[in-house]
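In what comes next, subunit A is part of two complexes: it sits with subunit B in the first one and with subunit C in the second one.
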Partner chain A sequence: MLYMNSDILRRLQKLNQLKLTDSEERDVLAFFEKQSAELESLSSAIDTENVERMVHVMPILTVVREDVVVKNFTREELQAGAPETMDGYWQVPRLVE
Partner chain B sequence: MKLYLDENKNAAARKVVLNDMMLTTELSTTAGSKMLEGYKSLFEAEAVTRLKAAGFEIAGKSNVGELSLGLLGETSYFGAVTDDKGNLALAANEIVKTTDAVGAVGLDANGSFLRGAALSDQVAIKPTYGTVSRFGTVSVACSGETVCVSAKSVADAQSLLCAIAGHDDKDGTSLSDSECQRLCADAPRESIKKIAVAKSLALSADEATRAKIHAVVDALKAKGIEVEPIDDSVLIAAKTAWNALMCAELCNNVSKYDGVKYGYRTKNYTNIDELYTNSRTEAFGELLKTAILFGSEALSTENYMPVYDKSLRVRRVICERFAEIFKDYGAVLMPVCSKTAYTEKDVADNKYISFDEASYIAPAYISGLPAVVVGGVLLVGAAFSENALLELAKIAEEG
Partner chain C sequence: MAKYETVIGLEVHIELATNSKIFCSCSAKFGGEQNDHVCPACCGMPGMLPVVNKRVVDLGMTAGMMLNCDINRVTTFDKKSYYYPDLPAAYQTTQWFAPVAVNGKVRIETSKGEKFIRIKQIHMEEDAGKLVHDDWTDTTLVDFNRTSVPLIEIVSQPDLNSAEEVVAYLEQLRSLLRFAKVSECRMEQGSMRCDVNLSVRPEGSDKLGVRTEMKNMNSISAIERAIAYETARHIDAIENGTEELVQETRRWDDIKGMSFAMRNKETAGDYRYFPDPNVMPVCIDDEWFERIKKSLPELPSVKKDRYIDELGLSEYDADILTQSRALCDCFEEAYAVSGLVKESANWIISNCMNVLNRKQLTADMLNIDGKALGKLILLVADGKVGHANAKKILEAMFDEDIDPEAYANENGYIVSNDTGKIEGVIRAVVAADPKSVADYKGGKEKALMALFGKCMKELKGNCDPQVLRELLIKIINE
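Up next is the complex of A and B:
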């Protein structure tokens, strides 16, 4: 269960836009190994064969709000915390050459 | 040692500390992460609005572990906090202990808020999921995270809880007002006459923690409350399941931190991939990275059924077990953590210690049930039983 090796871990880092150092990789592999063992025990300890999934612990009432205009933030307010903007746009490196 | 990450020096009376997971407009919100250093929100958490409406003043934002992960805030980018004995402490509890602040309010998903209160001999309440709005919090694990309160006394903790509980249209998981009002101090409640002790969880804690359990049990027995040990083998499963669910939800919640719209941006990039990767790699700490990777793998095609789906089913089994227990008992008593003090060495020796310590808090978080920390122990009750739990807490407090 939860099989992990260096190759899978590198793929996982790429997927999550993260880069680990070699020493971090070793620690994370050990962490996965431990979690895998715990999940294995969980699997045998608790039979969930005929148990329904429980996503929400409390009943979720469909939230339907009145269709009223509320305060909206301006472009300037929304971009105030941006690392880089230009002419009212968020700025990123060129995506298409 | 940084207790406050941002402070309101003008706060005068009925001061409340917010952990830095709660958005505020006047003070910055960092969630203990380099990613959000200096970040100011355009809106504030609903709980903050309610605290102000009830006459509380915000004293400042207390240091937290990055995204509130970690054992006791030690994973904060801004450094760990220790108490006067050199043990790790949660900044919110240290501030409450050493100043005239009434208490602290903060978002918690992995138990550090409850742990901090227990280790500082303070009272904490994790209310029933859905009774306090999570609008305006830095989300970690939406299906279980809860805005909690802590204070020096049961009465202060109760007054903070009453101030923030209530329905909020802005939170899709918020319960109805009539349900939330069951938390009010004057709401009718059924006093608890009999409690259970989670046997193996209690035995897994160290001697000093067990002594705290005995002290609370003795105080309750002296008031005629029956106490019996119960089999907690199902509740123990909560740790593994909650760790998986929490990381899976966390992984999604932090995907928005990309160095583009707000937050930290690396200086080291030549293309968009490098911008994303280097911003996140430089800004996130190791525990958070590990949790993201674990959560991502739990949601992968190969592991979705055996890990994520399995954990959701285990959640139901745990809720059903609690329901069964509450037919005979009003609350379940268990430790909050395995020891009465932790040092930085404990974390250096086991950097994933917070995942191990989740054994004690996970049953309450995965099930959304209310829990009260008093006398260094945890009392978990049925949904909306906060007032009945607080009656027990008062007995324990008076000792």
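Up next is the complex of A and C:
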């Protein structure tokens, strides 16, 4: 059974820095409830006994590149779409931790 | 008062010695103008895909093998959720489910003897960028140059019980990884960083106490101070109830000599690790594995024993040389060319170290050609170049690639066997300083040295001292 309740949902909102309205919360919980039921039906229908855990969902391996420096972009190009910049920095609202 | 035991586990971040970043081709070089080493991938633009730098995997495996780990032949990358603008994708690409190396051990030695510290895992990951808080505009400025610079994190088991053991462990890690050229491991530049997980429990108890994690120590001595402070704080809280200990991350302030709470410690679940769908698994085949295994250097401790037992160096000399791979490499090359063990060791330990100190460089930064040093040592041993001039040649070797003999010829440093010229110089010096001549004849041995020095200066050091001395005495006594 997929584990979701209003406490976990609140914790996730905090971690993701999101604020859902009451009606959105109800929608999300309903969504998970439906998904859980569907997944539950899958897991009871498929026998996974003695099946090794997958390392990755894609049956392919990565390609690697050599350790060579290539400069393809200038700072100006990269910052062209930035809302705010200052002295070559991206500028964001002040963060206090 | 009950006795307490401190239980410490370390997370050590090591910046890898690569040219480019872990998932893109931007430069990984330290410094640079802000946001000059960036591209759409490392500044988190949507749709960009990471491509793994092979050298990062090479160095991750090398570190694993140096620390006696098992290498995961299929190793995968995972996303760690992280909401802070120094990592613009809002996650860090790291390894959680199948890190490159697991189950290692490191041998340390302290005043209490030998001990093995178990390594839980070594994982490869990307570094975060730099944030500058600007008071004038009341905003935060972001520099992504460090974002995606490759790191490994070495996670130990909680096997350490004192600051002394922690220092021995860190020094051992640094020595092994520098030897294998995995990293420069320079704490002052941030290429080696350490988080200390510490708890305290009554001696004999097998239950761990409340654990705190300390960050922001940028030297080994700061780590020692932080451990002493935090241990005392924990004991005080347990004994006197001065405060309630909670699991949290704390920041060490070395100037105040205190630690401060930063945030409640996240648990692994809070990071919501999940396999990164953008990076496929890395499969280390036999050929790759063997290539790295063959590239491993001889361990410093093995080298030291060999220098003492086979080459006959003193323990003191062997100890100094094996503190740095660069010194060992230079010594071995110089010895191979010159065949002179003691002289090769001496030239490195005294003359080369002097130059390094003067230039404010560390032993690891010794970059002269060992073979050329061997040739220089032979020139001195054969009496072709005097000591003073040999030191000048060595100095030049630090600045440019030179052949010592050719350089000595060009600069007139080759010892002259032209006795006619030497005699001419001696006669001139003797004629100009009758007082010293008279003093010597009167029994003052020091006067001879004064004359000898003047002659040597005139000859610019290019004279066999023995020949000069004999001729000088002969001419004075004529």
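Methods note: the second predicted complex is superposed on the first by the 77 of 97 C-alpha atoms of A that agree within 3 Å, B and C clash if a C-alpha of one lies under 4 Å from a C-alpha of the other, contacts with A are read in each partner's own complex, and residues count from 1 in each chain.
As a convention for this text, a residue touches a chain if its C-beta (ideal position, glycine included) is under 8 Å from a C-beta of that chain, and two chains touch if they have at least 3 such contacts.
What you see is a predicted model; the values in this text were computed from it and never measured.
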- Message: Let me test your reading of the model: by the given contact rule, A:65 touches which partner, first (subunit B), second (subunit C), both or neither?
- Response: both
- Message: Going by the contact rule set out at the top, does A:75 touch subunit B (first), subunit C (second), both, or neither?
- Response: second
- Item | First (subunit B), second (subunit C), both or neither touched by A:9 | first
- Of subunit C and subunit B, partner touching more subunit A residues: B
- Query: Taking the superposition as given, does A:88 touch the first partner, subunit B, the second, subunit C, both, or neither?
  - Reply: second
- Query: Should A:39 be classified as contacting the first partner (subunit B), the second (subunit C), both, or neither?
  - Reply: first
- Task: Based on the superposed arrangement, let me know which partner A:18 touches: subunit B (first), subunit C (second), both, or neither?
- Result: first
- Please indicate which partner A:27 is in contact with in the superposed arrangement: first for subunit B, second for subunit C, both, or neither. first
- Note on the structure: Overlap of subunit B and subunit C contacts on subunit A, residues 15-17, 55-58, 60-61, 63, 65, 73, 78, 84, 90, 92-93, 95
- Note on the structure: So, in the complex, the side of subunit B touching subunit A is made of residues 39-40, 42, 128-130, 143-144, 169, 172-173, 175-176, 233-234, 237, 239-241, 243-244, 251, 255, 258-265, 269-273, 275-278, 280-281, 284, 286, 289-290, 292-294, 296-298, 302-303, 306-307, 309-310, 312-317, 319, 351-352, 355, 366-368, 383
- Of all residues in subunit A, which touch subunit B in the complex? 1-4, 8-9, 12-13, 15-20, 24, 27-28, 31-32, 34-35, 38-39, 41-43, 45-46, 48, 51-58, 60-61, 63, 65, 73, 77-78, 80-84, 90, 92-93, 95
- Note which residues of subunit C are touching subunit A in the complex, please. 18-20, 25-28, 33-36, 38-40, 43, 45, 51-57, 74, 76, 81, 83-85, 97-98, 131-134, 137-144, 262-263, 270, 272, 275, 277, 279-283
- Query: In their shared complex, at which residues does subunit A touch subunit C?
  - Reply: 15-17, 55-58, 60-73, 75, 78-79, 84, 86-95, 97
